[in-house]
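Going by the order they are written in, the chains are A, B, C and D; count residues from 1 in each one.
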Amino acid sequence: MQLGMIGLGRMGGNIVRRLLRDGHTAVVYDRNTEAVATLEKEGATAATSLEDLVAKLETPRAAWVMLPAGAITEETVTQLSGLMAEGDTIIDGGNSFWGDDVRRAAALKEKGLHYVDVGTSGGVWGLERGYCMMIGGDKEAVDRLDPIFRTLAPGLGDAPRTKGWDKHDPRAEQGYIHAGRSGAGHFVKMVHNGIEYGLMQAYAEGFDILKNAASGALPEDRRFDLNVAEIAEVWRRGSVVSSWLLDLTAEALAADGELEHFTGNVQDSGEGRWTINAAVEEAVPAPVLSAALYARFRSREKEVFADKLLSAMRKGFGGHVEPK
Amino acid sequence: MQLGMIGLGRMGGNIVRRLLRDGHTAVVYDRNTEAVATLEKEGATAATSLEDLVAKLETPRAAWVMLPAGAITEETVTQLSGLMAEGDTIIDGGNSFWGDDVRRAAALKEKGLHYVDVGTSGGVWGLERGYCMMIGGDKEAVDRLDPIFRTLAPGLGDAPRTKGWDKHDPRAEQGYIHAGRSGAGHFVKMVHNGIEYGLMQAYAEGFDILKNAASGALPEDRRFDLNVAEIAEVWRRGSVVSSWLLDLTAEALAADGELEHFTGNVQDSGEGRWTINAAVEEAVPAPVLSAALYARFRSREKEVFADKLLSAMRKGFGGHVEPK
Amino acid sequence: MQLGMIGLGRMGGNIVRRLLRDGHTAVVYDRNTEAVATLEKEGATAATSLEDLVAKLETPRAAWVMLPAGAITEETVTQLSGLMAEGDTIIDGGNSFWGDDVRRAAALKEKGLHYVDVGTSGGVWGLERGYCMMIGGDKEAVDRLDPIFRTLAPGLGDAPRTKGWDKHDPRAEQGYIHAGRSGAGHFVKMVHNGIEYGLMQAYAEGFDILKNAASGALPEDRRFDLNVAEIAEVWRRGSVVSSWLLDLTAEALAADGELEHFTGNVQDSGEGRWTINAAVEEAVPAPVLSAALYARFRSREKEVFADKLLSAMRKGFGGHVEPK
Amino acid sequence: MQLGMIGLGRMGGNIVRRLLRDGHTAVVYDRNTEAVATLEKEGATAATSLEDLVAKLETPRAAWVMLPAGAITEETVTQLSGLMAEGDTIIDGGNSFWGDDVRRAAALKEKGLHYVDVGTSGGVWGLERGYCMMIGGDKEAVDRLDPIFRTLAPGLGDAPRTKGWDKHDPRAEQGYIHAGRSGAGHFVKMVHNGIEYGLMQAYAEGFDILKNAASGALPEDRRFDLNVAEIAEVWRRGSVVSSWLLDLTAEALAADGELEHFTGNVQDSGEGRWTINAAVEEAVPAPVLSAALYARFRSREKEVFADKLLSAMRKGFGGHVEPK
């Protein structure tokens, strides 16, 4: 079927490619005309503006917005909603906050438009592995877009089937779900990323302990000089901690066990933060997910007021002057 | 080659089976004579005592102890070391504390015996998937036992090879490593389990947030009624959080999305605790691994003195009387 | 000077009493007519409605709202703002979210009204010890109300003066500050409560460790049978951890070292949650404050889905069945 | 009564001074002869060696070792035990690990010597405020030394008496307790310091949130420009978070609200670490105390392997290159 795509960055561009390869058609738009031209060569229909894109889509239209979450997505959805007609659907496949989805869906519904939020995981590997999608919106719109989702999803692949899955919705084992009403897709994706932070930090702490087992600060008979690249590799098969993130870890450590080219200034996107906000709102303890987020905050700080205050108190009660 | 096995529980028994299937021979002993008889029928040589087992092994002997960590392993290693002769090797494949390995290896070395510690991951799946092994000990003994390890290890399997691994030790991608001197095997296994706790808790918190998104305590427009079984399943393919632990989660949730048959009194073995001790000794921050361990401690408590003290303070300054 | 007080609960009533004792006058209103009558006997002027209260106040009026944060405070502020005239001031002394203050102050400003938010600490002890107040709002209104704040504040008291404070605003050492624009008062009070949670949890964990030092699960030579009441008492003098919260702890433990009458279902008010949200928004790591909040959440849970999921995974990979 | 003091640093020297002022006598020794000479001028009897010190003490002797925990304390206790006679007492007033006390007490008991461990809080303020002491050892020795402890303790001071304390041991409200058998004193002091870390970190995080409320990264209408010196000062009176640590904080912030002269490389002594080990051994959740310790570890790290690993994974799945 036909899909309009607004935003042809790494994610948007590859989503179009994966659709074209499977026989779908696409009308594409980006402020970067080069990105549009590239995809046109690969078989997409180029649009020169949002108006042009809407004009080139057959009704009922489906336009996927794949832009950075925040002001630009908001603006684009608003503009599109002014151009589209009853029965059309706007899809937000970016990393929007689920609360924005709830609000937008209500506003679009008044105009007779559908709003579908798609949390998309897969990163740069999606073109090849497929995209894992968590979808929120009304059943009618989600069902109509099913051919799109089926193509983008990874499919069964090599992963062994879960025992007893035949009693459940078959879409989940293809790699996409209809999570619920508008906002549900991004809500689930938000928690996905919260978990992702936690998993990453668990590995990071473990490898830090392994790396520091050779520390000169330890008594000599308590030191081990370990090869972290071999350790990551050996855990990939048969161990309880095997995962795709471990595969990536193994690859990075195989290339350089010291990770010297990495800064360690770790960014965070909104989802990790919103996950903590959701946990707090629900009164659910989330110590691991919080700790993972805080480790990222801390990684980017050079001077920490909190630490200075500790030093100041230590000086106050003990006369301690902290070394540089 | 030939191996002696002491301890024929779930792990020890299946290790013997996997060896027999690949053409090795085994002399087996357990205080439970039934377990010995079962394996004898499957092709192992039965021993009626440690003395008998040692007598039936060809020199240089290799005896694998697969017993609960602690007093019984300690006693068995000590007894064995009195029965064995120069050049023989004792293997501890259980979950011993690495510090005990260091001590035992030194004691055995004085008698001319080798001591090899093997951290083994794989649980009940090892017979089928193979065992991921982290090995500590002197090179001579570890190399001599290589045929055993090669058979027990999972091998390359389906997992894609790590880019650039050809420049590294090939054993790691077969699923076993020589981690270093005595104790290194259990040290690495210890951190493995520490990470395991962290990963598990990351998933647990995330699914708890998903489950509680329908909580009646939330304003109605902020609630989502999510299907956690579908969510676990969909993340198995193409998402960043896919892992073997997620596979197990998906299977459990497919069977019962409420997990009603589970008590939630979560046990912990020594490794999670030792990992925190190691982090503290190395001065490495391990907030996620600690939080994961504490969640288990807390899961088993009914009345918490700390909580009562909070209630008492709240009453003291605010007159608050906490509801039941 | 004269103050109107709406809400005569524990806090509001005692605030009026402290004002009356120092020669101020008060017009008081509460839906509970008994509370109004009681204070009338103590010298306050009774009002039968918000309208009546406003009518009985001299211009420029000052009306203090001391009600539970949320809908009822919102409603009352809105109603009052419809009754009052240019130059009048509405004070919210409850535990409102600072964001609500920002919004309300802007709305009231359009009507020529002042809005002052007062974060108030002191609990049931305020009548006797005085109230520590953190005030947000425009300088004009805050300065006009100064006689009220000066009376309510604890004053210098026994606490030794801070070296060098003569170079700073003298109000702070009297126990009240003008923290900044509208919302600043409640923002500072919010963080105050966040810290309070952290301090309480630090003591709670420490005393839990002391209490469990006698645990039968420890080897006998590692057990101590400690008297927590004596420990709390001894730390009150000369130690680094002395504090008012420790005083309260000592009193509770002196009465019952087992704290048997406390449920340990620890409530949390909004401030602890908002503090975490603020930390997350500012990208400031707040592991201690988060852990303190989560301990309260956890204290109120009987069945934890997260824990059940851990049990389910443990069964999945190791066949472990958790005991009841 | 008479006391021998070995170690005349900040703590040991002032302990002697406080004793002399109250009419006790002291024999003092330190490798630093200048420190000995100074105290001799203040009325102490100088010793030129451990042997000399022992010779100058009347039987039954009492010698207080006030040296850095670890090798030097161990060695001194051992040497002293060789010089002293049945019925004599060795006191370790330093920051020793409680397990060392248990071991030493057993060894000394075989020689008929008493061993008393004294956890001492008070820092540089002890001379003036008195020392809060937690004492472990046999009743006979602890009772005999009571005049010493009574003099060193702060006494009732200004702190209001705890309601109902008359039913408890009066020593606690004087500022010292007999906590239990050997090791109990340092065990309680260890937890004291663990709590201290937690309290300090709670304040530190809170003030960090206050300081960063003006961050340019926040939307302008969500920023507050707060005066942290005033906030610390105002909380000292009438608020729930008042404490001695807050007094010190207020003093530091009054001098410089930016704390520019502090490095923020926060040291930790053994007690914070041992507290976590104790919590882990007892299976008591201690998330706040752990987080406080980890914040100190992290404060001293410049390059964190864990953070680099996070960057490496992020590059692996998303192509993210972290900025410097």
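Criterion: a contact is a pair of C-beta atoms (placed from the backbone, for glycine too) under 8 Å apart; a residue touches a chain by one contact, two chains touch by 3 or more.
Note that the structure is a prediction, hence the values are computed from the model and not measured.
Chemist: Which chains lie in contact with each of chain C and chain D?
Modeler: Both-contact set = A, B.
Chemist: Tell me whether chain A and chain D, two copies of the same sequence, contact each other through the same residue numbers or different ones, using over half shared as the line for same.
Modeler: same
Chemist: Fit chain A onto chain C over the CA trace and report the rotation angle, somewhere between 0 and 180 degrees, nearest 5.
Modeler: To bring chain A onto chain C, one rotates by 180 degrees.
Chemist: Averaging only over C-alpha atoms, locate the centres of chain B and chain D and give their separation in whole Å.
Modeler: 39
Chemist: Which whole number of Å gives the spacing of the CA centres of chain A and chain D?
Modeler: A distance of 47 Å separates the two centres.
Chemist: At what distance in angstrom does the C-alpha mean of chain B lie from that of chain A?
Modeler: Those two chain centres are 31 Å apart.
Chemist: Send over the residues of chain A in touch with two or more other chains.
Modeler: 123, 125, 201, 203, 205, 208, 212, 240, 244-245, 251, 281, 283-287, 291, 294-295, 298, 306, 317
Chemist: Would you mind writing out the residues of chain A in touch with chain C in their complex?
Modeler: Contact set of chain A toward chain C: 240, 268, 273, 276-277, 280-281, 283-287, 290-291, 293-295, 297-298, 300, 306, 317.
Chemist: Would you pull the chain A residues touching chain B in the complex into a rising list?
Modeler: 99, 102, 121-123, 125-126, 129-134, 153-160, 162-165, 167-169, 171-177, 179-181, 183-184, 187-188, 191-192, 194-199, 201-203, 205-206, 208-210, 212-213, 215, 217-218, 221-222, 224-227, 229-231, 233-247, 250-251, 254-255, 275, 278-279, 281-289, 291-292, 294-295
Chemist: Which positions of chain C touch chain B when the two form their complex?
Modeler: 10, 123-125, 200-201, 203-205, 207-208, 211-212, 244-245, 248-249, 251-253, 259, 262-267, 287, 291, 295-296, 298-299, 303-320, 322-324
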